[in-house]
Amino acid sequence: MLDADFFCRWLAAAAAAVDREADRLTELDSPIGDADHGSNLRRGFTAVVALLEKEAPDTPGAVLTLAGRQLISTVGGASGPLYGTLLRGTGKALGQAPQVSEAEFADALRAGVDAVAALGGAAPGDKTMLDALVPGADALPTSFAAAREAAHQGALATVPLQARKGRASYLGERSIGHQDPGATSSALLFEALADTAEAAGEALDDASGEASGAASGE
Amino acid sequence: MLDADFFCRWLAAAAAAVDREADRLTELDSPIGDADHGSNLRRGFTAVVALLEKEAPDTPGAVLTLAGRQLISTVGGASGPLYGTLLRGTGKALGQAPQVSEAEFADALRAGVDAVAALGGAAPGDKTMLDALVPGADALPTSFAAAREAAHQGALATVPLQARKGRASYLGERSIGHQDPGATSSALLFEALADTAEAAGEALDDASGEASGAASGE
Amino acid sequence: MLINVAENVVADALRGMAAAHPELAVDVENRVIVRGDAPVAGKVALVSGGGSGHEPLHGGFVGPGMLSAACPGEVFTSPVPDQMVRAAAAVDSGAGVLFVVKNYTGDVLNFDMAAELAEDEGVQVAKVLVNDDVAVTDSLYTAGRRGTGATLFVEKLAGAAAEEGMPLERVEAIARRVNDHSRSFGVALSACSTPAKGSPTFDLPAGELELGIGIHGEPGRERRSMMTSGEIADFAVHTVLEDLKPRNPVLVLVNGMGATPLLELYGFNAEVQRVLRERGVAVARTLVGNYVTSLDMAGASVTLCQIDEELLRLWDAPVRTAALRWGM
Amino acid sequence: MLINVAENVVADALRGMAAAHPELAVDVENRVIVRGDAPVAGKVALVSGGGSGHEPLHGGFVGPGMLSAACPGEVFTSPVPDQMVRAAAAVDSGAGVLFVVKNYTGDVLNFDMAAELAEDEGVQVAKVLVNDDVAVTDSLYTAGRRGTGATLFVEKLAGAAAEEGMPLERVEAIARRVNDHSRSFGVALSACSTPAKGSPTFDLPAGELELGIGIHGEPGRERRSMMTSGEIADFAVHTVLEDLKPRNPVLVLVNGMGATPLLELYGFNAEVQRVLRERGVAVARTLVGNYVTSLDMAGASVTLCQIDEELLRLWDAPVRTAALRWGM
């Protein structure tokens, strides 16, 4: 089962990954965007972590809803409302349970991804974050590791696509040949998720079965 | 003796030299000036030639006075009034004689150079056109060729100088190490003068002593 | 770049703006620029905003006769809904608020969220989307036409309508009419450098230019080798006129992208006017300057807005903002 | 560059200016920009001019409350006397003409010649030399301090004095007082490219800046590695205050060199205001923008002018020009 603390750790790991990769994300956003994706997400996730350190809600749903609201309030751009909606949508679907199963989380994340698609009007193949979010969410019922790999492949697969949503679409055919920054950051989120789960699993193994914050192998 | 036509040919030769060297003059005016000396003089001498083709006065003095007025009306910048004053001052000193001797011309040019010094307040060594004009005028009583050489050396000698007049002076010590564009264009004027005189001399030789427009060897 | 650290450029600029413009109420922390006398009783309020880096748009257009408030986001990043909600609360006199939104995914999403939240707080909100950029040809397979130069026309003309006391529906209708009758086309002669990236956002060798750019330092639809000012005017005006077939006189905005010297911009205007004359399009008013910019990008855009008597009256109406000012 | 051919940039710009500003009388062939209602009976006229490439200076400052006429030379080349003579004849109502001359050898020589010629034609001419640039320290061994940002102050304040109906001696005295009480200092973050040369006039690698530049794309007195906006403000304001010890409040001009985004310029203004606060200098009014430029140079200058009650009144007086406009 996954508790509020697990989700806080996930978001902290995501913030660290975004911070580490911010320059690369901005770099990817240069040829087919406006060179701000990395700094946008760094600003947002830094604010999320700061907020969660101040007031950590005690249910997974509340953690994600609060984090989503914070992204909306601090990121701006396209990715702010979209990632904010992803987390809020997922959080709302999780309801008020103090702990959720991996299967429940996978269902909720699917709802969050659907909310992103509804808000932005994009579909897989449009060269957006959905190209990593959808395969990642699809693979999550299998395992965290499978989701990480699927999202990663999804991001790579945006390279040959022509963008049909977001700024990159203005470039028409010139958007072909570049990896989508949003899909890349989405893959980072799944990577942080799998890392968090694996770290929790190891902690579990090390402690041989202690109960708190367990995450893996269920 | 030098007649009006000789001075028209000198100015045409000067215009051609300025046109040919305009880019280099502008280039010299870049590190220690404002990158316009070549285009300034090209504009002015082109206008002088056009005017002289339309209405060629029939005395040397009138040719130079008209050319000087035209430079003032078309060049602008520092070099417009200064070169305009050089030609006007020289022309006025020549008076209304239909032909002038080389010695008379050398005296008149000296007066023109003095007028430039009076107008601009510069002295030799200040890294200005005077650094070529003064040695050129000093050597003119010897020969056109000597004046060309002296002006040329004068221009080269501006390289190690620190500018004390004109825009280059704003740079202080950073003006050292660059050749002054105005001194360079002044050397071009003496070069055109010597070339014109030599061509006239050759024409004279070819025609074995015909009278018109003679210039050399007196 | 003339900055302290990239993270603070927007806050620094707002502090500097507050110092230079005591007639504005600048909330640096919450990033809202409000005209000093807001709310104006009975007057519809106009709120706009968008990423920073387009100055004087929008903050330079706050004041009597134009915007009531502006919300600057990070550089090239649309503002967050909290800013628009705060701005709306500050300027609403009860007559309602019109959001002027440039058509970018980020701006649309954030303003939509803000509208919902503001309405929850009892503010009547209308929205107008500015999408004048004809360089985006295929709106089915793109995010749709971008909002560029016409934003200035929408803000000026709807702002004047609000100042005249028109109710929200009419102000909104005017804004929509202005947008419907406006088209733009832009070219870049250089890329721009964002503070976050610190170097040009794309590579544009001297001797080449990008046709059909937006205002976010993105490359255009097509790269060509350098054209003369006259050729660019031909291309830009023809492209706009392919889409806008004005029967009435037009307002002309010859806009610099930020680093284009006024000397060049006025020269470009001469060519734009020549092409309009050749095409038989009558010009009512012309504005030349760096108004809707892309940081330090060199280049220009042309916006035409077909007007009518009412719009001309609204254009000539007094305006008192940092960047646009006449009649008072 | 957004131009046709280098030789025509000034003429092209004048044609474009004429099209955008029907309130001005622009003589493209003779290169004179005159306010449309000149000569104004009984009013002293102000004529300025200088090389092009500094726009909006001077042409953008022609109009009620400021200049009567401007004479644009070629790029960075002072105009020829014929232009000033023609301008003087066009604007003189019999009350005399004040020539506002920036202190450059070329401008001084050409305006001097023009003054003589205009006086021959019966126009009463006074001249004021603007030389505010403290970067030129050694005026004995140089051409003396350059005229830069203070030109705007001189033209605005003397222009307002003339508009109030003051006689030539008083307008001249005010112009001189403004210049005497004004000092500037500028920095460049990039060189500029003249149309004639087509490439940067000097080499300034990213990460370095030039301190103490003028407005003709020339390098400054000193090159340093990049400083923050705050450090530059410290350096510039301290350097100005070493020379100008204001006991009264000051007017502040935070001026961009042409390609500096307003976003950066406002941020720089925040730092300039901080330094002035730290130094206990009271600020009466602040103007921020690209006003006295050097084509597409990136950088900024700071000009301070110590004022008194009369000068403040003249600053606030109405002005209606292309680039500076308030109160009417």
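Each chain carries a letter (A, B, C and D) given by its place in the written order, and its residues are counted from 1.
Definition applied: contacts are C-beta pairs under 8 Å (C-beta built on N, C-alpha and C of every residue); 3 or more make two chains touch, one makes a residue touch a chain.
Model, not experiment: these values are computed from the prediction.
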item	value
For chain A and chain C, chains touching each	none
Chain hops separating chain B from chain A, counting only touching neighbours	3
Centroid distance [mean C-alpha coordinates] between chain D and chain C, Å	29
Chain B and chain D, separation of their C-alpha mean positions in angstrom	33
Where chain A and chain D are represented by their mean Cα positions, the distance between them in whole Å	54
Multi-partner residues of chain D (at least 2 other chains)	75
Chain contact graph, described as a line, ring, star, complete graph or other shape	line
All pairs of touching chains, each written as two labels joined by a dash	A-C, B-D, C-D
Chain B - residues contacting chain D, complex	26-27, 30-36, 38-40, 43, 72-82, 119-120, 162-167, 169-172, 174
Residue ranges of chain D touching chain C (in the complex, touch as defined)	1-5, 8-10, 12-17, 19-20, 52-53, 55-56, 60, 75, 189, 199, 206, 228-230, 232, 254, 258-271, 273, 283, 286-288, 290, 293, 295-296, 298-300, 320, 325-328
Footprint of chain B on chain D - complex, ascending	6-7, 51, 73-82, 104-106, 109-110, 113, 135-136, 138, 141-143, 146, 194, 196-197, 201-202, 214, 216-219, 221
